[in-house]
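Multiple structures are listed underneath, in structure tokens.
Two complexes come next, and they have one chain in common, chain A, joined by chain B in the first and chain C in the second.
What follows is the complex of A and B.
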């Protein structure tokens, strides 16, 4: 072989290496894998929100179509979950690893894939949309309206109202449980949905109207009993730990490590004054707090999960956790 | 004296050997009654506070681990302790500092660009190798001095 021919052979090998390696990677991803797979495979790169979050951040899938989502963490450790109501949690995904889930949605809807590991100060912004569309149905798909929040808005209740924190008596939940039989409870207060859209303060007023002869502290205790659930499930405690504790603190004292960086001081559920002020936690959680840095969780949690979480939050204010 | 001639085993040499063995092997007595210590370690990007822990050997260490920005980990070399901490939820664990020496603790959850440099150290005292080496140096110096004097006297 002459030197010239050797040079030419070397050049051919070089071109094959330089062009062949990228071509085989791209070819595998866009041609070979789709050709081999019997359904769509989507690769999703996960970066901290400061660097772009999920890409892609919107995925459309038809009803009944099987799709595989492959999440790769490209910078730091992320956690991937898809909600609401799908119960998909891929857990922590370290850089260099891939978390994979295959699903076949059977009804139209809008779901959110989100990070549930505190990966950066803006972690909670790390969300993407999984849209399940019915190709035969006309019209756009939207998230289903939340009946409780719709009703509140229809009744022109100001969800973002900020009344003053009130001084007053501290409720005693166990006493409320004992005294429940001795007072006349209006039927609304026994309805969990009514309790979600009304504050304990309103409940107390309703109880006082029904029982003018009973002392206020007894009625406060009964309100505390009705509005709270001091023994939450493991799932609800974990929900609080993963999504709320960074700002609101481990025991709801409003002293989480991120509490100093929010526009408004996070609510201290553990402070009984908040029980008397009585915001509609359900709406605040699902819709977010306007201008307070409180994110919206309505696209992540089911209505039932939010309800259980609210019951737990109220119980924090009596120091029973 | 020729090179291959065996050196006589004298009483001096036996004593020197015993002293050296004693320096190397006799356990160093601790004048410290082990007790329980509470330590709070705060993990943030990309450091531990405190970056260095000094603990007496035998102490029981109750660690409360906090994360103040993002998820961090805590892996303690030599003691094989691994923990993961989310901001807002402190982690508690206990270990007995029964191995002396210096051990690194490092972040075990990829927390950001400088994650590999997030390292702290646990020093469990006394620092036996240093003390033994110092004592050995003193013995060696004494042996040399004594040997030199003996040769001069001879």
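What follows is the complex of A and C.
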């Protein structure tokens, strides 16, 4: 019954099957495939934060080095973007699928790859760092201080103070646009920087002082129009929809699908924004809300994106043009 | 070489496959036949386990899930079991490592097996462990069928158990008494049109050396611990082909026969494990589509173990329906029939015998389920073959193949036809049992009609689930 040659051949096949298949898979994925690529390829497993988030969650790349980042959604659908300022959004990656991007950074900086599709209660924690280093330059890379936030801190503004709730304010923004020519607008109100550091209520007071003969309703409408300029772009609306709407709601009503699971009730811009300063919204967006579940987006958005986002919040309050 | 085997006890003609196909016969008689097939199948299973353990946890993109629970399962239930009976057990790679260790060789080992050779406890020489094992798999099926790592663990666990039992117990004790898959394959193989039998039982009686039991230089004594001379149903035979090799009297044949020939034969002893096997399988084949396709989202969530409390309710309900409600209803049907019958059977005997009538419908139900499942999810195989671990590979250029349900509008019709065929086959089997115990036929209809009503009710429930 014995057949030594046959047994040996079969044993070789058995070893090839049992050891060769796993070894081939691991070898191809982690050795051969990278070796065949003409630049570095990094495979990143994307899991909900409860299961580990991104792995790896820190990638270092040299200035001028080409790198391919391959994001594999391993559990649920994730939306992968890299910011700030790289303008990389891979869109939604369904479970078991892979999305990839190849980039060659030309300057040092710290970027964040993050999920922008609501994937779990801890969705906002799903972040990883892409650090672009210049081996020839000394010193650490990092973001410079933010002048708007610095100014708030210097002025002892409590960024995390709870907002006052407005009562029954529902301005007619289109009417404000029509009536703009009929009122005298103080120069400050036409300055976006001034508007950023003042509330619409303060703007209304300034308008009332300048136009005592004009009805408050009209001035309120004009204020609403001024504060919701410029007209939000499609990109900014999309940025809000992907990153903010899960908690704050698609229309900023504070009724997103995750609103019930946050520590504090998410701000409903449509109702309460009247009494907030834009620079406080700006600060909260960029560094997060202390004591709430509001995450920081300063590592994801550029300053310009954040400014436009704040303008969009006013649009949500006053209605879009 | 004879091409028609002698008359079987049921006087039905057989077609001696190997007698008419000498090349196939030579292949089957080769010692390499079974190990080569096992090795070939070991490769995709090794890939499935590797993918399960290392690959994406998204089941529909993991070869481990797609290959095992869509491709293999569909092939098994739609083609292999109904068409070739126990053939899967011939090529199954799960017990292979254990058997090769026992034999100290793959193609041909030594005669004395490396095992403690313990006898399997007499109390466990039945299908109860297989029943329990299948129920466990069924209870956790929503995670086994969707989580690659769990699926891989099940395969590794079964293989490890088979190896361990090979070292401790004689021959294929694992396959015969423990394997939850082999249990139902054996049951449903009785429907298949293929059988391994002896040509003439008297030749076996007269043959003193009984090489089929002891083994010889051509092969091992029956690994399934069966005496082929008394083999009269597929359930007991593992189709390992050893007796074909060892029989010096050229008395073992592989026959083509009329499907379901084993059904309705007398059941020996008082064991009800086989009857319960048939009931468990039929019940599970109803519960599965009810949970997966039925309108009860809460039950589906419970089955998916979204909460422990919910799953416990589901588990209790599942076990109650499978082990108490359905057997109870069937018992009532059988006992009601027996009260009006002159068969002289006890209720327990009738329960055992009429349980054969559940087998065709149960198999049809599993085929219907598997056909629908395969048509709906089969397209995942295209992506999985190119990217087996969900790592973004594109080996065959089909990675981006999207999910495409096939024949979605005609599938329910196909399923309905399969179920109705199963019902007819089952009713016919019950009549066969009834006529065997009442050859005059005077009370056969009275005895079998409650069983037929039970079968019809099961079929209607299934039709409702599939047709809506």
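Following the convention adopted for this analysis, the second predicted complex is superposed on the first by the 238 of 321 C-alpha atoms of A that agree within 3 Å, B and C clash if a C-alpha of one lies under 4 Å from a C-alpha of the other, contacts with A are read in each partner's own complex, and residues count from 1 in each chain.
Here is the rule we use: a contact is a pair of C-beta atoms (placed from the backbone, for glycine too) under 8 Å apart; a residue touches a chain by one contact, two chains touch by 3 or more.
All values reported here derive from a predicted model rather than from experimental measurement.
Visitor: For A:95, using the defined touch cut-off, is the partner it touches chain B, chain C, both, or neither? Pick first, second, both or neither.
Guide: Touch partners of A:95: chain B and chain C.
Visitor: State whether A:17 touches chain B only (first), chain C only (second), both chains, or neither.
Guide: The answer is second: A:17 touches chain C but not chain B.
Visitor: Please work out whether A:70 is in contact with chain B alone, chain C alone, both, or neither, and reply first, second, both or neither.
Guide: In the superposition, A:70 touches chain C alone.
Visitor: What is the contact status of A:120 with respect to chain B (first) and chain C (second): first, second, both, or neither?
Guide: Touch status of A:120: first partner only.
Visitor: A:246 in the overlay: touching chain B, chain C, both, or neither? Say first, second, both or neither.
Guide: So A:246 only meets chain B here.
Visitor: Look at A:180 in the shared chain and tell me whether it touches chain B only, chain C only, both, or neither; answer first, second, both or neither.
Guide: Touch status of A:180: no partner.
Visitor: For A:256, decide between first (touching chain B), second (touching chain C), both and neither.
Guide: first
Visitor: With both complexes overlaid on chain A, does A:290 touch chain B (first), chain C (second), both or neither?
Guide: In the superposed model, A:290 contacts neither chain B nor chain C.
Visitor: In the superposed arrangement, does A:37 touch chain B (first), chain C (second), both or neither?
Guide: neither
Visitor: Of the residues on chain A, which ones does chain B touch that chain C also touches?
Guide: 73, 75, 94-95
Visitor: What part of chain C is in contact with chain A in the complex they form?
Guide: 31-32, 35-36, 39, 42-43, 46-47, 50-51, 54, 56-62, 100, 105-111, 217-220, 383, 387-392
Visitor: For the complex, which residues does chain B have touching chain A?
Guide: Chain B residues touching chain A: 66-71, 86-90, 109-113, 115.
Visitor: With touch defined as at the start, can you tell me which chain A residues reach chain B in the complex?
Guide: Of all residues in chain A, those touching chain B are 73, 75-77, 92, 94-95, 117-121, 123, 241-242, 244-250, 256-258.
Visitor: Flag every residue of chain A that touches chain C in the complex, lowest number first.
Guide: Listed in rising order, the residues are 1-3, 6-7, 9-11, 13-14, 17-18, 21-22, 25-26, 29, 43, 47, 70, 72-75, 94-98, 100.
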